[in-house]
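Each of the two complexes below includes chain A, the first together with chain B, the second together with chain C.
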Partner chain A sequence: MLILSLALRNARRNTLRSFLTGGMIMFGVALLTCGMAWTSGAFGGILEKASNMMGPVRIVTPEFARKEQLMPLEENIEDLAPVLAAARAAPGVTGAWARIQMPVTLTVGDDIGEHFALVQGAPPEWYDRALDLAGHIQSGRMFKVDDEASGMCAGGHHGRPPIEAVVGATAAETVGAKLGDDLILDGQTQDGSISAVKVKVVGISDLGSSAQNKFVYVSLATMQCMADIPTGATEVLIYGKTIGDAAAIAAALTADPALSKLSVSSWDGRPPFNSLASIIGALKSMAAGVIVFITALGVLNTMLMSVMERTAEIGVMRAMGLGRLQTVVLFVVEAMGIAAVGGLIGATLGAVVAYYGLEVHGVNLGGAVNKMPPGLAIDAVIHGDWEPIMFVQCFGLGLLMAVVGGALPAFRASRIEPVEAMRARR
Partner chain B sequence: MLNKLTVWFLPALAALLAFVSHAQAATPTVADLLAKIDANMTYDTRESFITMRVTKSDRVKEYKMHSYGRGQDEAAIEYLAPSRDEGTKMLKNATELWMWLPSVEKTQKISGHMLRQGMMGSDMSYEDMMDAARWQTMYTGVVSGEETVDGRKCWKVELTATATDVSYPKRIIWVDESAYIPVKQELYALSGTLLKTWTMSDIRTVGNRQFPFKMTVVDEVQTGSMTELIFDKVTFAIPLQEEVFSTRWLER
Partner chain C sequence: MTTSGTGAPLCQLTDVKKNYPMGDMVVQALKGVSVQVWPGEFTAFAGPSGSGKSTILNLIGCLDRPSEGKVFLEGRDVATLKDAELGDVRARRIGFIFQSFNLIPVLTAYENVELALRLSGADLRGQKERVEEALRSVGLSDYMTRRPAQLSGGQQQRVAIARALVKTPALIIADEPTANLDSTNGAAILDLMKAMNADNGTTFLFSTHDPMVMSRARRIVRLSDGQIVGDETPERLAPQEAAPSAPVGG
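So, the complex of A and B:
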């Protein structure tokens, strides 16, 4: 109790120094709060969006999994029906849909090879569940699925209804496509033959990320015809209630003998996310570590000044019976007292900025996201994600800053010999 | 003694010199070989019906084509089968390649790197399939020896391109000594990587030339990929309608 009252008295004695120490803690804690909220929102958003896009759980052939960067159409699941049935019967599964993706060139003139894009074919239910495509149509409407039109892509178009497509905003802008335009998608069949499909642009979508805005979205039947995989697809994507269910669903499907020849994986077990999750964790820890370290250095500096100013006083206290351990505790408690006040203000200030500035308003990255590699679905506006637990975490880290920064000066104070200290008269 | 030498040694020396000079005369020059290959493989006009069989791992796809060629620069192909590719047409005019795709009812130009991609997923590029340029004008090289390929005595010739815009900067070819057909070719990239092995067989006499009715191309980069080209019917030096080599023919 005596130590505590001494520490508090010392903290009040030099208000400027205490204010400086507390200010540093406050700034460090506020920065930490904002940093944690922003990284949590940014990385969490990227991971959730990407896992939805890629399928929280995915079934492909082992060869497709091995060569997936090449999007090998020839490595497809030939007969979808039993695979979809097995997937939908697994516990925790709320939906399972097939998908085919293919690189294409978009043509508006006579030349092939002017504009590259990716075309994606899946049932409308998948577009609703994974992308909310209909909700992100910038102009026009969602495509309608017409089996007659989609299934006859290999023949001419005379007398048949047009195949409809929604085009991502970036792809539409690149190729100069407008609503109502005929767009030619030049791709390949699974055998490598040239396969071209004429689609009518009925909608232009803005899904908020550059990767998703480079896609052309069509029905699964259109892609099956285009790729010449009449009853199959390259991927089956499976969804639970949340992405947290992915591991359990993947485990259940892996154990299913009907799927034994196929490759089942949850999103965090597939590249690039299998390594990205740990990299993100390391980055977050590193950022927090840097903030704690720098703030602790500031605390160390002011507390060291305090020890040097009070050498004689410490000598007297030591002569009057204050032990070494008590001296250490005295200075650490002083630092923690200042940190408690600074940390409380910092965590509050940080929470306000993190919530209103980052989570509600967001940070607009502008055109920078267009330079991101395709596959990383990064939104142009990144929103933070502040949670109440961060208040406690950051306040705790503020106290840690004080302990780390105050420890060395405290040990230095504890080594002061009373006689030498009084002789120095400081 | 001197007489004995004169009697035995000089005739033996003369015989040896004659043998060596005969042997030297029997090894053709690269220019001769390329001229004879060109005489067999190039044409003024050609019409053919071709079956192309593409094997990739365990999947085999067969195409039927009707092909026309005129000189070194003009070629046209119409796909007759399978049904999804029926009516697809290709037209090569000098360095330009046009394609009619019935699925989109549109003529499109294939340009740049796409010319060197596999035609209809095969191991033969559009250039391979439609190129009829004379090797004499494109390559120089050395005859590096004699080897037997599939029971045929061949000259082994290493060719290096004299131009920079050729598909294969280096070829090693084995030329049948009697038919003057390159029964085997190894096609290399500028880096020295072996890209394809191309063999020619079923050599038959067509008019006054020898012509291989079967060609097999193996992609040495992509394992498990092979393309066979079987000429069901070939006719040379026939009159062809002017329209065949126009974009009007594509859209007909």
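So, the complex of A and C:
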């Protein structure tokens, strides 16, 4: 105990130096806290949103899985009913819906379409669960589904109500579509024939990300008709309570004989998530490592100066029987004492900034998000996600900085021979 | 070389040489020294600067190892001991008093003495009493809570003596203990050390070139240029009081 007490008192010997070192640790820990909160919020939000959009668990044909970048309509699940039934019967599943996506050109009025967009067709329940589309309608309303009109791709003709669509804000702006306009979607069927559908714009949505605002949203029946896949779809998307359930659900569905000819995958096993999650983890670790390393260099500098200044004193204590390990403890605890104060203030400061600055207010990325690829749905305003555990983690990393930075000087001190120290003194 | 005395010597140096590399050269600090020290001695190693007196004390104090020759402490060959064993011997059997006091500035007088006792691995029971007794014996009962910066030079050296004494070592080594003190304080410190020697039988070895210090020693081993050139028991001491002496060595 006396050694520990001595170590902590030594931390107060050169108050200016200790203050500067503590300040460096405080800054490092605060930066770590904000960095962790921001990356957790940004990447966590992106991953959750993207995996919701692309399906935490997905069933497609193996051929579709191989060529999915091309959105191959011909590689579809012809008969949805048994697949949906099997998916909904799996443990932990809270919902399963079919979806078809295809690229189209958009035309408003007489303007021949030169604007490309992606059109997505799925049941309204999927839009609620995956996108909360109704909650993000900027103007107008959510589309209504008339299965008969949609199923014949003939809305608006022969006295039938028009086929309705919600258009993403970016797509609407690009093509100049307003509420009430007729929009012609020029796509193709699964055998490659040209297929066009006229829809009425009943809502313009802003889902917060540039990628999602480039979509046109219609019902599954409309897309089935347009793609000429009357009872099928290209994808079945399956949801549990959280994306954390995905792996277990995927495992259960893979084992289901009824789905043996199809490809079942959880979100983190599919591109781009399979590499993204590990890249994000590596980036976070790297950033934390750099901060710890740089701060540790500061601690190293301080502690080396302390060791040099106290060479004779260390020699005297070594002469009195202070062991090498005790010498290491003496200096590492001194560094940890400084780090504890700096880390505590830094973690508190970081928590305040991370919570009020990043989580509540968020960081506006502005136009930078428009350059992101489709599928990585990034909000223009990124909110951090500070959790109390981060206080403990960052404080712990602050102590780690002290151990890393204090280890070498402490080891050097432990190698001081008493006689050398005393000779240097003379 | 011959020695006399009863029982075994506390320490014995046999043809000890100590070399220090200095750049491309090798400096011979000791050139074959032989000497024995017996329990209860109050002996001064005297000589000018660079004569090798501190080197001898470092070797006897297990702070250093000889380049050649043998150093025995309480019958054990110091050269055969591992670093940890040397540290253990220093902690338990040897007390040190330094010219510059070398107290730990952030610890109080009490804690400085307590630290030495803790490092010696002494039983925790009764520690408080032992520390207080050590400080009382050097006349610092009223200064226990003061830090070194709040004490005079003489008081600091008294704390250093208490620190050396508290673990009741077999041997106390004092490297020019009065060099940083004025003559009055220096004499007082020496008288205190001598009283400890007389009362407790603790062996004191100290280096000095101060005639006043030498005048209080019971035995004076004179060194010059790394060799012992004289080993005297002052005439003023009665023969039975004088420590057993060795003839000139090395």
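What we mean here is this: the second predicted complex is superposed on the first by the 413 of 426 C-alpha atoms of A that agree within 3 Å, B and C clash if a C-alpha of one lies under 4 Å from a C-alpha of the other, contacts with A are read in each partner's own complex, and residues count from 1 in each chain.
Note that in this section a residue touches a chain if its C-beta (ideal position, glycine included) is under 8 Å from a C-beta of that chain, and two chains touch if they have at least 3 such contacts.
Predicted, not measured: the structure shown is a model, and the values here were computed from it.
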Does chain B (first) or chain C (second) touch A:184, or do both, or does neither?
first
Which superposed partner A:387 touches (first chain B, second chain C, both, neither):
neither
Could you look at A:9 and tell me whether it touches chain B, chain C, both or neither (first, second, both, neither)?
second
Would you sort A:318 into first (chain B), second (chain C), both or neither based on which partner it touches?
second
First (chain B), second (chain C), both or neither: which does A:193 touch?
first
Overlap of the chain B and chain C interfaces on chain A comprises residues none
Considering only the defined contacts, which chain B positions touch chain A in the complex?
54, 56-57, 59, 61, 83-85, 88, 99, 101-114, 118, 120-122
Please output the residues of chain A touching chain C within their complex, sorted ascending.
2-3, 6, 9-10, 12-13, 312-313, 316-324, 417-419, 422, 425-426
Inside the complex, what are the residues of chain C that reach chain A?
54, 58, 61, 63-64, 83-84, 87-88, 90-92, 96, 98-100, 102, 104-107, 111, 114-116, 118-121, 163, 175
Where on chain A does chain B make contact in their complex?
74, 107, 110-113, 153-158, 184, 186, 188-189, 191-198, 228
